[in-house]
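Listed after this line are the structures, all set down as structure tokens.
You will see chain A twice below: alongside chain B first, and alongside chain C after that.
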Partner chain A sequence: MPPLYTKSKKVGEGTYAVVYLGHHTATQRPIAIKEIKAGQFKDGLDMSAIREMKYLQELRHLNIIELVDVFSSQEGDLNLVLEYLPADLEMLIKDRSILFSPGDIKSWLLMTLRGVHHCHRNHILHRDLKPNNLLLSPQGELKLADFGLARSLTSPNELLTHNVVTRWYRAPELLFESRHYTEAVDLWAVGVIFAELMLRVPYLPGRDDLDQIDVTFQALGTPTEENWSNVSSLPNYNDLKIYPEPTRSELRKRFIGATEAALDLMCGLLCLNPANRWDTERALLSGYFKESPDPTVPVDLPKLSKKE
Partner chain B sequence: MVEIPTGPKGKLPQRLTQIKNKESTTSTTSLSTPNSRIRSPITPSVDISTVTNDTAQKTETPTNGNMASSSTEKQEAQITSTIQLSRPFLTRQQIKFARSKTIENPAIYNQRLLQLHQYLLKICHSFKFPMRVLEGSMYYYQRFYLHNKFEKTALINPLDVGITCLFIVSKNEDTIKKLRDLLILFNQTRGVTLSAEQFENYRKRILSIEFQILETIGFDFRTYHSEEFLIKYNKLLKVDKETSYISWLILCDTYQTDVSLKYPPHIIAICCIILNNKLSDSSLKLTTDYQRLRCEEKLVNECLQDILTHYVESFKITGLALKFPDYQIKFVHIKMEFNESKPQMMFHVDEKQKQQQHQDLEKDQFFQERDFTTGERRYMLENQKKRLYAEVDK
Partner chain C sequence: MSVPRVTFDELYRRSSQYRLWSYTREELQAKREAVNNKGCLKVDERLKQLNGEVSEDLITKVTVEEELKLISFNSRRIGMLAKHLNLPSQVRATAVSFLRKFYLVNSVMEYHPKLVLLTCLFLAAKSENSFISINSFSKRIPKTTPESILKLEFEVLQSLKFTLFVHHPFRPLYGFFYDLQDVLGDEFTIEELGRVYDKARKLIDEALISDAVFHFTPPQIALACFKSIKPELVDRYLEKKFKKESKSKVKVAEAIKEEQDEGEVQDQDQDPAKASANTEAKPKKIDLYQELSRTVEECTAMIRTTQNPTKEEATDIDRKVHYCISPSLVLKRKREDTSEPSGDDTKRQRTETPATPM
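Right after this comes the complex of A and B.
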């Protein structure tokens, strides 16, 4: 009998793993084999690897990367077998030769929200959403990946670390170093990704943590007690420049071609106060997804022009 | 193309895991490999006839043209591959059976367990870990000794297994501390001093134990928090804070037992509340609420019996005894009353059934001795059962 998986070339390397391309022999389905670097760390198996296994073993959804297998090899290495997804949304955004139609953007956003909705339904926060972690299958399907920072929300009293989410996609409550946050941090990130898809450049590119605060509130207004009660008691709420919230016409100017429904959704996702921010259900049922054009079917979405 | 990394040349383990199941036949095939490090192809597939229960042990034939053809020095070797489904909860009989194979002296095992519980409790207090970290550690520890030999011959100190369990749980529960700091505190707690060099070796040993524990629990990181249910149920049943404190003490004492191996967390939680209710002679109408709380009565009764037995037999070492030293007699009464009122739950198994159960367990590969050093070991949650059988049936 042929081997179950074959492993060929190395395709990448992260902090705690080396990733190889392989194939499931019976079906010739391509797979990614993530070999966890063992014995290299002071503190044993990396927490990211634990989180990735823990959450992906249980989540099954078209828009979430599938963990196909977990095995330890003869040599004692731990291997995670994942579906092989050779492209990500960041590559597409950066590929200047590709034009995005409004239907394309809608389709990617829809698939992202569906994946996030599935996580949240299972009380799991992703906590690291960004274009680079939204992987694309050759058939055009978008899938959330990299659950190394994910965690389940159990009791509301638990303290959480605010040091999550890549800087540009970090929600205001995280910028203020709140230790009690919710699913809303993921929706903020989706909002920033939505803006980036329309602009084709990062929307809130802070140079460092301090600059991020400035960039964020310059674009979206500084939160105050009026629109977010008790915000001023958050740990890092101090020395803020007060910027006004952008007017609708300013937003229209920045996001040329965005429909009113698209702006409504974006503003809902980028609502400063997490308590009023839209959740996945509200976002998925919003007018944006009901108006034309229809979201592009995945197979017809733009693909990378040049082979990586 | 398949890439073959160069590794040290050596002999492949010649070990074969035979399927001990009568109905199944094992076909062993020898293979030629160029190299002791079979890295690619990763998991050669299998030829197997039958799988019993949750472990499929397979003898494989990695026929691989690439490897064979590129080899200069061939060796006859056989590789085994096992698939382990994780089973989070086991029955009393299953636990008893598993322990009969790993533990020679239950008295010493129990003594160690309680000692470990004391140490870990102290560490959890010092680091302000939530109680679920202790709960999870005791769960992993006890699972470990269902599948690994406990006695000295095993060469691993059970206390080291215990502290490593705590280390894994603290990662899994997002309360991670540096392993170094954890070990320093652990050594302080039990009065052990190590030189810098010894400490470094100790740290390394812990890391190798970590991997063995992870394999034993099948990389199943799902967590079960009975405390959450306790709080919710107490609220739902409108038990006042002061009264509910006793149910919390009882819950903490359950971490000295193996109930978390047998019952899901909500069952354990409701049992603590029922016992509290009985102790305080208040008459909450609890029994009628099982349905609403989704607690299966049979499981509740079994679990109650286990906890009662613990209090009757080991009252002095429980946390409750520290606060309420005179409660032992109450437990004796509750237990007597309980045994009289619930005769239907004493599972009447006749001899024939018993024998059948034992035979089933003997066949169950989940309880066969595990080897974490040879072959490839694949891990799946039990929700993958269908996939496993589909794969193996081929």
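Right after this comes the complex of A and C.
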């Protein structure tokens, strides 16, 4: 019997898996295979692999990477078969030869928010949103990927680990090492991604965890008891330089070309206090998505310029 | 402006729990019979490999009923072990779910549950974010090694069809607790509702060992747990919530319209009708009330029928299964029995002999 899938080329090596390109033998559909070596870990199957499998099995959505199949090889390795997505948003942002139109940015942000909305209505937090994890299909559709840090919210009393989300996209409550955070951490990350799409450079590039706090609050103001009650009781809230919140005109100067509705949305997502931060629904219904220009249809979005 | 949205009912239908692990009673029975047959064939195969060394009448295969009893017995042991290890109820519940799903694919005559349950508990702890290292896990459970637990991890994952997400009734039960206060606050005191809630929550453990989990949705099970503790509470609740609009047809139409337009998140989450596996279209409110009352009643009855074999019964089945899995041990026992006269036999039956799968 011929194998169901063929592995053709190794394309990456992550912390817990090796990624191959391949094809579904019967249909020749291109796919990516994450191969998780058996017996490589002392404690059995790795937590990241468990999370990725657990959540992707449940989350079927146009803007979330599709888990096509899971199978085990004869050697006992676990294989996650994922849809093949050749590019990611980080690659596009870095490609200086490409110009982003306001409609392009709106389209990527819309697809990101739709994917996040689907996670959140299933009570699942992604916890590692960044351009590098927003993959792009050949048809231009954007899909959330890498659910290795995801988790579901079961009860409000549960303690969560604050050591999540790649540094530049980490929400203030995480910087303060709060153990009771919510979906709002994902929305902060979307806000930072939105800013990055407009600026074409990382918006809050902290050099280390300490610097991240400084960079974040320098740009957006230091949270105080006034705009975030009890913030000063969070574990890591100490020795802070108090920066004022940026004025609207300062923001306009930094984000040239952003409409008022775009700035409203960005500020809603980058609201320091997680309790007041916009949720996916509010973001999706914001004026930004109603005003012109329309979001670019995915097939017409910029693609990576062909190199080599 | 109203926004058309996906209901929680529709979301639940997309879950692996609904797609892969919900059945009609006939389907569930057929699955268990098929699994039992597979187990019997496996035993025959083992006997054949021993070239008639062990005669068939020394081995007693177990029935579907006995398999179920043994699985229930071991599901309860998960509860005790989880307590011993200080694991949260979510982990315990998921481990029970894993174990029971495993035996919809495999027979106890293929893999002994007392080994599988350890793997299920270890995997559930990882899956529910309560990671314990295999070394400390194994150290705290006598007669285990890290290898003996990890060895079956893959087998368990495969039997679970690689689906690990389990929806439990804890959350809906909590939601109903609030809604009960809201709807029936003038008829029952908070203290009374609190006492019922505590008892209902304990009853969930029983419900998770019953077949209700394969036929009903978590909110339905949650309501059934309330109903088992205090029937009139749930009757009143359903009546007040779903029967009140029956007086005039215009009102019914309005109520349905409101429900569609409003789509208030919290409410839908708690509304079992939305998550009902049986309701296809949107029936009128009065039908919904009857449908719901009947569903909750059926679910309540099913929770009551949970298998709870005695220790002796379980030990008896356990022993049969042990020889089904390792038929050659029968000979060893026979030899020992003849050399060591009396007294020891009963003791040995009670000793829980570690069985090796396959």
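Just so we're on the same page, the second predicted complex is superposed on the first by the 303 of 308 C-alpha atoms of A that agree within 3 Å, B and C clash if a C-alpha of one lies under 4 Å from a C-alpha of the other, contacts with A are read in each partner's own complex, and residues count from 1 in each chain.
Here is the rule we use: a contact is a pair of C-beta atoms (placed from the backbone, for glycine too) under 8 Å apart; a residue touches a chain by one contact, two chains touch by 3 or more.
All of these numbers come straight from a predicted model, not from anything done at the bench.
> Have a look at chain B and chain C on chain A after the superposition and call it: clash or fit.
clash
> Going by the contact rule set out at the top, does A:T25 touch chain B (first), chain C (second), both, or neither?
first
> Given the touch rule stated above, what does A:Q74 touch, chain B (first), chain C (second), both, or neither?
first
> Of the two partners chain B and chain C, indicate the one touching more residues belonging to chain A.
B
> If you stack the two complexes on chain A, which partner ends up touching A:D43: first (chain B), second (chain C), both, or neither?
It touches chain B and chain C both.
> Quick check for you: in the superposed arrangement, does A:N122 touch first (chain B), second (chain C), both or neither?
second
> Between chain B (first) and chain C (second), which, if any, makes contact with A:Y5: first, second, both or neither?
First partner only.
> In the superposed arrangement, does A:L285 touch chain B (first), chain C (second), both or neither?
second
> A:M53 contacts which: chain B (first), chain C (second), both, neither?
After superposition on chain A, A:M53 lies in contact with both partners, chain B and chain C.
> Please pick the stretch of chain C from 3-11, 255-263, 273-281 or 291-299 that overlaps chain B when the two structures are superposed.
Given the superposition on chain A, chain C and chain B clash at 291-299.
> Where on chain A do chain B and chain C both make contact?
Looking at chain A, the two contact sets intersect at 38, 42-45, 47, 50, 53-54, 57-58, 70, 72, 76, 78, 151, 154-155.
> If you look only at chain A, which of its residues touch chain C in the complex?
38, 42-45, 47, 50, 53-55, 57-58, 60, 70, 72, 76, 78, 121-122, 151-152, 154-155, 285
> Enumerate the contact residues on chain C facing chain A in the complex.
So the residues of chain C in touch with chain A come to 3, 6, 11, 14-16, 90, 122-123, 126-129, 131, 133-135, 146, 150, 153-154, 157-158, 162-165, 170-171, 174.
> Considering the complex alone, what residue numbers of chain A touch chain B?
1-9, 22, 25-26, 33, 38-39, 42-45, 47, 50, 53-54, 57-58, 69-76, 78-79, 151, 154-155, 160-161
> Which residues, counting only chain B, touch chain A once they are in their complex?
That would be residues 1-3, 37-47, 60-64, 79, 167-168, 171-172, 174, 176, 178-180, 203, 206-207, 210-211, 214-215, 219-222, 225, 228, 372-381, 383, 394 of chain B.
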